[in-house]
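The same chain A turns up in both complexes below, where it pairs with chain B and then with chain C.
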Partner chain A sequence: MQQRVHFFWKFVVYSMLLIGVILFIFPFIYMILTSFLQGAYTLPRPHEVLSAKPSLDNYKEVWNNHNFARYFMNSMLVAGVAMFGSLFIGSLSAYAFARFEFPFKELLFRIFLFTLMIPLVLAIVPQFTVINSLGLVNTYLGLWLIYIGGGVVGTTFFLRGFFETIPKDLEESIIIDGGGNWRIYWNIYLPLSKPALGTMAIFAFSGTWDEYFVALSIIKEESLRTLPIGLMMFQGQYASNWSLVFAASLIAILPVIILYIIFQKKFVQGGQTDGALKG
Partner chain B sequence: MPQLKEEAPTTSLMPNKPTKEQKRKNFKKGLNQWKEVLPFLILGLIGTGVFVIYPLFKGVVMSFQDYSPFPGAENPWVGFDNYLRAFEDRKFSYAVRNTVLAIVVTVPIVWFLGIFFASLINLTFVKFKITFRTLYYLPIITSWIVIAFLFQYLFASGEYGFINYLFYTKLGIFNEPIGWFQNQWTALVVIWLFHIWKTVGWAVIVYLAALQGIPKNLYEAAEIDGASAIDSFRFITIPMVVPITIFVIIHLIMGAFNIFPQVYFLTGGGPMNQTEVIQTMIYTEAFQHMNFGYSSALGVMMGIAIFLVTWTQQKKIGKQNYY
Partner chain C sequence: MKKQKQILLLLVSMLLIFVSVACSSKEEASSSTNGDNQVDGNGEVVERTVIDYWHTYGEQEERVLYNEIKPLFEEEFPQYELKLTRMPFEGLKQQVITAVAGSATPDLMRMDIVWTAEFAEMGALVDVSTLDGFEEVKEQLFEAPMSTNFYDGGYYGLPLNTNTKIAVYNEKLLNEAGFTEPPATMEELEEAARASVAAGSMGGIGILGLGQTWEWLPYFWSLGGTLTNDDFTQYEGYLNSEASVNALETILSWHEEGLVTPTILNGQPGFWEGIERDHYMMINDGPWYFSILGSDQARPDPLDYTVFGLIPEGPAGSISPIGGENISIFQSAKNKEGAWEFLKWMTSEEPQAIMAKGTGLIPTNMEAAQDAEFLQIPYVPYYVEQLQTALPRTPTPKWSEIEEHLSLNIEMVFRGEMDLREALDDAAAKADEYLSK
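Up next, the complex of A and B:
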């Protein structure tokens, strides 16, 4: 049997954990409370913020009157397509590296990996010139090409490891049916890597959902702006109206948080309550 | 058709010395392998080639030019001028100083808090493990821009900024409300806190996974042998998490080295460029001052520095963006 942990130590541990939670969560709560305030044209006083009553007025205001409905849809489109594109091309490349032998494979993979070390700011200007010469400035196609093309390496690296754990024996049923490499990719590798693909999907989605610098250089037209750009412009304009700024901010972060909370259980494996480690 | 590698009958018939015939066959085999894999690889190759590798090469070339992005510009070669220029630039010395400080200050703190909270959450008697994990991770998945707004707001100057309200009005720890963003050192403190706040959750998650991966029977065996909890921690937990610690530390160094949105959205490098870091400088030199050659030279120097810092660990590092 497990030794009983002294109440005092339990109390200390839980207090520390709670202090951590407060440090990480309180700013969010303060932000949410601020977004409920009305007519905050100067810095709201903390005691007003802490006693704010829930109200969705500011959310309606930014959604309807400040174009956030549009920015939101734009971001959905941009991040959604970029996510599927990255997953598709990344999983194809990972499949190529995991299942095939070909000359210079490891060298190529090394070169891929090396590019992961280099900060992407360095690439923004040349990326822009490529998109410019393709005549794709101010289009989502240009944005998708950079997001998907630039993201393949990360996705490939991440998925290759998972794909390599899939036993070759499973392919036999497909081969007996006369199926080829594509069927094996589609019917074996993809379905068996769902958790990895799901995790990758969230990375890809949230990465492009929040992306600001590339989007700023490619998208010029107001109606095509994505949420991060919309938010920055909005804050520039309404700097002192924190209630509106935070209502807009919360709209912008909500989808990623929801996605994360829905899928986060899939990230863990085991080790929750079993075991006999003494406290 | 799927290939059956290793079992190709040709290999057994081959003599030991590579003949012309064999070389030709190997070449043909390689060609066939490429033919088979290419449909799966081609899109990734093109994407990476055009949007990653070409831009990086182009960046290196631009660093030796007085580059202008406008069509028809001459882009004269200027040798190492762009590189030399950095060493006479006051802004660059701030940027280097602040980047190094960001690493020195934040890495130990994030590392310690990460392993500390992970160890607490991993204790057997602690309930709601997943809830704690989720809450600690929230800052990471939240947009940089939004968190920057939030920190500007919490650290606003005057009595009504929340931090001033708490530490001056309520607790009386500060002698006067602090104008956080008006002075470089207080501004840097806010930047560090921002970075720490946003990355601790990542370290917690990684350590939690590592701790949960330690076989339970090791602890059981230790307990049977009469080891105390502290002994178990010292002789089982610590040795078992050493490899992941190297990974975490390298990652944290890279993360702090790449510090960028933290500064760009929070202070924009101000006051008077004193909170500038290398990446904000790379970005603003190119996009605000149109000094593309200079910006690229800074980027190349940074790339080399990162390469030197991480080259021993190249193979182990898979960057999963956590911002």
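Up next, the complex of A and C:
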């Protein structure tokens, strides 16, 4: 009897999970199949999609024409540097907020957080004006300034909480050996925060990888444009060839998926400080 | 020892940052100096100033612009270099506003005709009617598209290309409905639509949606409806006049009878899919799809299954809205002189004819519109004729807001959530309120 009830609940749970998986994955499959079609100016009907034959023609066209490869490399550079920049500076400031005592610390932190609440659309004009007066319009430096500046806040907020869970006693081993704050940060906090850093890396990367509006405002030169702008070019004013749009989008999400696969192992790892201290 | 290591680490990371900075600025430098000066045939260096042009042409159009227009202009005006930047539509208006606020606009921009007044009001555009040779240019251009540049006593751009909508019929379904010729009047259209729907088609009168007035104005205007008085200063008494109410009531009765394509309330299939696959007897559209679908090998050529006609005549005649793009000079342009030079040249006969033949875009230059080769394109004469009676939507800086409010009301009417008369009264009052602001 007990066995049967057990089986029943298992069945319910698994079917719900399965339905969830199908729901989430279905649009994605639709997208992949549409990218095999030719000239889909209106979104294809289900029977057309299901009869699609795998072909890489659209992918080839996307990659070879329309400067797409160039945009891809541009985006790699932009998002890569922005990711490392915001992780590095963000973790440094998180360390300061977690471990140093200084006047107005909490107030400063709140102000820091407050900038997270400002919608991008409101901020873009003042941001652009600042970047413009610095003479950084049309440079990646200007873009990085905004991306890293924006990314640091989130990273700091996230990592501060994480850093505070790391036992202070661990630092003593370094202090005894004559090491300073840098060493504590570099040899204790960073290695122990790998799960948090991995998560933040994905957020930081995909956040800037997808970013369209700021990139378009700052970068005026076509050859410096990033991938999301390239993607938008496939959508015309009157008509969009959805098979090309989808093929381009699929190429565009590949790096994010790869990054996710690399870092996903770090997500669930916990207990790195277990047994580090004697109770 | 430890100290040294710390310093070393710091130095290395700083070095990394500097290297990346250097890389990026190098890239920028190399791309911006490209072609500023050109060595001519005699080996002499010609000083060239750049004209920065943001455009929104599609792919096929961009090819003509790049391969034919640009070389021709630079040959005629060797002192200028035309720098073309294609802008995506998504968030374009916000982009322009940002650029205007930061005084980082290009010299020129091609923009939708309904934007010109809005940016003129912001003080972002140059009044070209004060510039040299404006009168001669104006005389060569069609009056109606020209009027879309008018704002507060000045002209804030020149019309670059124009378009309107005509009626497009699925030939097979039209014949099945008992017509061998496209309907000439609204009554005939109604009759044909009724017969076609009875015979199993999904719609006989095409309305693509209610989100933009552009979609239903051909019927509304032709049936006698009006938006404003003649100088676009008042909606009250025009938008909600008896004639406007009657016109909209007729359209509503079509919808309730099931004669209108389901696209009116976002139904499927889309316009061109519907007409290609014998679902819709009639749609109305601009000229762009003919060249897009015609050049795509994977889809049947629309010319094989459609016939064209003017918007059927109602009590007020056959009236369709004017669409298209204007080209304007920004106040913060660095090269105003070159920009004006290009504007004058671009609206002259030759480049207009090249664009027309290469893309099917309808020229605003009267001479170019008579180009024999251009008129050979099967659908073109219909558009040119329709343009004779076409009307501009209200050229006012508040049009976007007015349209949004009006569209919302109209949609509520068609969804049965609002009384028709009340909707027009409210929209008229609101529109006048926007105008007086």
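Here is the rule we go by: the second predicted complex is superposed on the first by the 233 of 279 C-alpha atoms of A that agree within 3 Å, B and C clash if a C-alpha of one lies under 4 Å from a C-alpha of the other, contacts with A are read in each partner's own complex, and residues count from 1 in each chain.
Convention: contacts are C-beta pairs under 8 Å (C-beta built on N, C-alpha and C of every residue); 3 or more make two chains touch, one makes a residue touch a chain.
What you are looking at is a predicted structure, and each value in this text was computed from that prediction instead of being measured.
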item	value
Partner chain in contact with A:165 - chain B first, chain C second, else both or neither	neither
Touched partner set for A:102, first chain B, second chain C, both or neither	first
Partner chain(s) touched by A:138 [first = chain B, second = chain C, both, neither]	second
Chain B versus chain C as contact partner of A:129, first or second or both or neither	both
Chain B versus chain C as contact partner of A:153, first or second or both or neither	first
First (chain B), second (chain C), both or neither touched by A:13	first
Residues of chain A touched, compared between chain B and chain C (which is higher)	B
Touched partner set for A:217, first chain B, second chain C, both or neither	both
Touching partner for A:64 - first (chain B), second (chain C), both, neither	neither
Chain C-contacting residues of chain A that also contact chain B	45, 121, 124-125, 128-129, 180, 212-213, 217, 232, 235
Complex interface listing, chain C residues touching chain A	2, 6, 9, 13, 20-21, 24-25, 27-28, 31-32, 56, 58-59, 85-86, 88-91, 94-95, 97-99, 101-104, 106, 269-270, 272-273, 286, 288-289, 292-293, 296-299
Chain C-touching residues of chain A, taken from the complex the two chains share	37-39, 41-42, 45, 81, 88, 121, 124-125, 128-129, 132, 137-141, 144, 178-180, 182-183, 186, 212-213, 216-217, 220-224, 229, 232-233, 235-239, 241
Parts of chain B lying in touch with chain A, wherever the complex brings them together	1-3, 5, 30, 33-34, 36-37, 39-41, 43-48, 50-56, 58-59, 62, 69, 117, 120-121, 123-126, 129-130, 132-139, 141-146, 149-151, 153-154, 156, 158, 160-162, 165-166, 197, 200-201, 212-213, 216, 219-220, 223, 229, 232, 254, 258, 260-261, 279, 282-283, 286-287, 292, 295-296, 299-300, 302-303, 306-307, 310, 314-315, 317-321
Residue ranges of chain A touching chain B (in the complex, touch as defined)	2, 5, 10, 13-14, 16-17, 20-21, 23-25, 27-28, 30-31, 34, 43-46, 49, 89-90, 92-93, 95-97, 100-103, 110-119, 121-130, 145-146, 148-150, 152-154, 156-158, 171, 175, 180-181, 184-185, 203, 206-207, 209-210, 212-213, 217, 228, 231-232, 235, 242, 245-246, 249-250, 252-253, 256-257, 260-261, 264-265, 268-279
